[in-house]
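Per-chain numbering from 1; labels A, B, C, D, E and F assigned in written order.
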Amino acid sequence: MADSDIRRVAVIGRFQPFHNGHLDLIRQILKESDEVVVVIGSAQLNYTFENPFTAGERVLMIRAALLEGGIDLSRIFIIPIVDEEDNALWFPKLVSMLPSFSALYSGNRLVATLASFHLEVKSPKFVNKKQFNGTNIRCKIMRGEKWHRLVSKSVFDMIHIIDGVNRLRTLAKHESLENDKMSDIDRTFSPSNKTT
Amino acid sequence: MADSDIRRVAVIGRFQPFHNGHLDLIRQILKESDEVVVVIGSAQLNYTFENPFTAGERVLMIRAALLEGGIDLSRIFIIPIVDEEDNALWFPKLVSMLPSFSALYSGNRLVATLASFHLEVKSPKFVNKKQFNGTNIRCKIMRGEKWHRLVSKSVFDMIHIIDGVNRLRTLAKHESLENDKMSDIDRTFSPSNKTT
Amino acid sequence: MADSDIRRVAVIGRFQPFHNGHLDLIRQILKESDEVVVVIGSAQLNYTFENPFTAGERVLMIRAALLEGGIDLSRIFIIPIVDEEDNALWFPKLVSMLPSFSALYSGNRLVATLASFHLEVKSPKFVNKKQFNGTNIRCKIMRGEKWHRLVSKSVFDMIHIIDGVNRLRTLAKHESLENDKMSDIDRTFSPSNKTT
Amino acid sequence: MADSDIRRVAVIGRFQPFHNGHLDLIRQILKESDEVVVVIGSAQLNYTFENPFTAGERVLMIRAALLEGGIDLSRIFIIPIVDEEDNALWFPKLVSMLPSFSALYSGNRLVATLASFHLEVKSPKFVNKKQFNGTNIRCKIMRGEKWHRLVSKSVFDMIHIIDGVNRLRTLAKHESLENDKMSDIDRTFSPSNKTT
Amino acid sequence: MADSDIRRVAVIGRFQPFHNGHLDLIRQILKESDEVVVVIGSAQLNYTFENPFTAGERVLMIRAALLEGGIDLSRIFIIPIVDEEDNALWFPKLVSMLPSFSALYSGNRLVATLASFHLEVKSPKFVNKKQFNGTNIRCKIMRGEKWHRLVSKSVFDMIHIIDGVNRLRTLAKHESLENDKMSDIDRTFSPSNKTT
Amino acid sequence: MADSDIRRVAVIGRFQPFHNGHLDLIRQILKESDEVVVVIGSAQLNYTFENPFTAGERVLMIRAALLEGGIDLSRIFIIPIVDEEDNALWFPKLVSMLPSFSALYSGNRLVATLASFHLEVKSPKFVNKKQFNGTNIRCKIMRGEKWHRLVSKSVFDMIHIIDGVNRLRTLAKHESLENDKMSDIDRTFSPSNKTT
């Protein structure tokens, strides 16, 4: 099959972490497409409460979850992308960094606006968005609530192996201290003031 | 007339959008100067609620409004400038990117501080600042209130031609969803996390 | 003494401004170490209320305060470092830009996490953190309260010589206007929208 | 006339300096188009032998030469653009920073390749390219040969006013010393090693 | 099998294009390792004679060649990485962007030096390096010589589908003109002067 | 003595490595000035033949050589600065990053041009430039010739401790291979193509 006959679709997220809502979305897309490009956004961010995991860790989580879910990896690309401040360059940057694709799945209005100048944008159907979303999961991890049903077992295991639970709690405490502005000494010693 | 005899004055804004307060300011300056350099700040930002229009769109709006206002374009320069994180480099960057100028109009205290080390800074006189300001106009556009008297007809028309009203509404919804943090799936798919 | 026999320790802050808590910390470290590398973080930021002083001004303040405090400058390095968005690269960047060091003093949890992969991290003991912290001092300067006991005399004098009190007040007014969003004209003319 | 009815064409150069070949090209384009966007490439480069003039100086030269040539400035835009390392993003960056345009004039093969994915690319007709080219003119200036017939009088005058002849000679000597590698002390003190 | 039990090895190249020498190397590594991370260096470069293909095109070529070669994709990661000017940060950047890895294959002395501070570096055995190298292949393509035996059939086909032969010839002509410095008009219109 | 009464002078180099010509220059300046700011240029470059040592290593060398030379460190600042592509911003960047200074020593014509717009530029007197220059010393190290008389004993020792002789030889071989273009496989694996 020539590459031009392949229907390849991109889906974009930060995947902090990759959860069952993401997995379900990829399954949906694979029903209607030959291949999926999973784009890891904000690849340069890590070790913040919003973005606790490195791009490399996220690549590994996504691959493991797809394997565990029985998805054929020969139909999948996983590509980390660093942010671009000029929104008008965001879509062209995808074109430069990704295998050619003919559609984009996104429920995000801005993404839909920017990409719809160039190609088809489809809306994903999410089930139970309140549970299956990254902020909710990071908060549950931080608070010691149950979260293992929201992600693949392999994601759950990997987060434990890299000591991700403690990492998230450390980052949460660090950033709440920063917001207090009551503890400038701590702030003073922050590595990347810009992101906090 | 040699270039050194010309009184050339810079005026700086984001012009999101260019409105009648800006136009009036340029008229004021042209009474006391030969030429005006209109500097479009934050040129790299676009497709956010704070900065909905690209640098190119803003260049076009400003030019059209000045023409409509009967201003002689041979006395005008319009130069887009991308942001510089080091404030101490901001004025030298203007010097590198702009035709030489001998004064700056600004009601902004920080600009006045940074520029006054180098040249004369004058305070503009604004009439009815509450109406004639970009935030007010963007909010009116978003809410469907009347705003056509706040800008030149050519700016009004251009915003409609580029579907700017819908763009602003989409961006406003997008960013309020982000701030909710209740909708991580949407956040997850945001192209430039940094700016939101 | 060969360089490898020297115990050299890094300590990191923004030093906006350098105060007696910082000075005390450096004294503590010098009791247990041969040399201290004082790292000025966010070196590219200046002329904001959070970061009012340039890297050069901070270098000068720190040196003057250490001299005034009778500290032997042959045991001190002062190195400005610009921010790095990728937190995972923060420690390697220190390694590239600093003389080799074998320990880091920091009460900051994120710094401790990032550096502890690589070397020993020690917790400083701060006395009276509520008084001796940069935010507190900048607020006192802005409000016209007494702050001369919180910093070295040479820091106090230098801030006056560079007209730092007025600078801080101008920046505070500028940024509170920005946060109001009631004064778009002022915002419009801001040099670095990103940092405000 | 609505903006969509206007035929607007972009032309790109470094304009080091703007010469009569450039002027002639703009005249050609204005015969077939309503408006021309003159894009100043490599806007961030200056004070090198290849790029002696700042973006601001080039804006001024171009404007003065067009005025001298009797060209109606209401049909002209002059926009400086900084380089972009990812060639695939070059054309999208023009789209972000420029007023919308429907064709591009360029005799350059790479530009033609990159832009032809998006819009019409036309080949300019140059007369006497050996004379009317920037390298030739910079070399003549450096060597003290005659060059006043190759540029507009206003460009010639402006280069003298900003002491451009001496600037070019200084830069030429500086860079030939660098290439010698016989004078490391001089090299050592070079401000931007990357560009030399 | 826990992730920590997996032997994962990185191999780095620009892959302009991916050829049979690269394929053979990956086969070698897979004999001694569980998984290979194929790192596409200089991901931000494209449309130059040295770097004709975009990162996205290279991802696609590599994947297709591995599939054609019967390699199990569940053992492969393909990650594009943009350059980093500070060589001392190069290896830490790999750590941030890649799944964890315990060895690196490279015949390159600088890579060996930089990586050997951190982990095991092994030397690949290349057969017939003079034939199987990117410069040789790009030159053959440009000159119209036979090159189909040097790459996988899927790479050969893909280069034809994206019109890569003409692209290479255009780039070669463009850059030789630039080096001539006889054709400033052409140079003048080059999009990214820095890379040429 | 108030800071404004101090005569502080800047001197700029890459210091790859710091040699006796540099040391002699600093001695000269200290005869006429109170304090010297030693600016380490191209701080972001390292592990190339032109720039073998990291900024941190250079800081250490310079400090050690000054101490060995009996120079009072309380009269010295050592500040690493990363390059700036826009030459017109180079001097303002010094102003942002350095303690205030009133003169600059440089034999470099471009530096003299750029700085003379702002302050006094003085020409250093170098003795035996052919011997005391970085390129000459790096070549001698690479070729195994004698070089110990060209640098301070502490610089000589430090280069040996960090295995600098082998580092230089590795880099020289690496870069000559690159220039050959005969060994694409090696090139392929180069970490920062831009700098080679």
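Everything that follows uses one rule, which is that contacts are C-beta pairs under 8 Å (C-beta built on N, C-alpha and C of every residue); 3 or more make two chains touch, one makes a residue touch a chain.
On a predicted model such as this, the values are computed, not experimentally measured, just so you know.
Touching chain B and chain C at once are the following chains: A, F. Identification of common neighbours of chain D and chain E yields A, F. Between the two copies, chain A and chain B, the Cα superposition rotates by 120°, quoted to the nearest 5. Mean C-alpha position of chain B lies 42 Å from that of chain F. The geometric centre of chain A is 34 Å away from that of chain C, both derived from CA atoms.
Between the CA-based centres of chain C and chain F the separation comes to 26 Å, rounded to the whole angstrom. Residue positions of chain F touching 2 or more other chains, listed in rising order: 45-46, 54, 86, 88, 91, 95-96. Viewed as a contact network, the protein chains fit none of the simple shapes, being neither a path, a ring, a star nor fully connected.
Which chains touch which is summed up as A-B, A-C, A-D, A-E, B-C, B-D, B-F, C-E, C-F, D-E, D-F, E-F. Touching chain C in their complex are the following residues of chain A: 44-48, 54, 167, 170-171, 173-174, 177, 181-195. Looking at the complex, you find that chain A touches chain E at residues 2-4, 43, 46, 54-57, 59-60, 63-64, 67, 73-74, 77-80, 82, 95-100, 157-158, 161. In the complex of the two chains, the chain E residues touching chain F come out as 12-15, 21, 41-42, 45, 50-51, 83-88, 90-91, 106-111, 113-114, 124, 126, 129-130, 132-136. Of all residues in chain F, only 86, 88-89, 91-93, 95-96 touch chain B in the complex they form.
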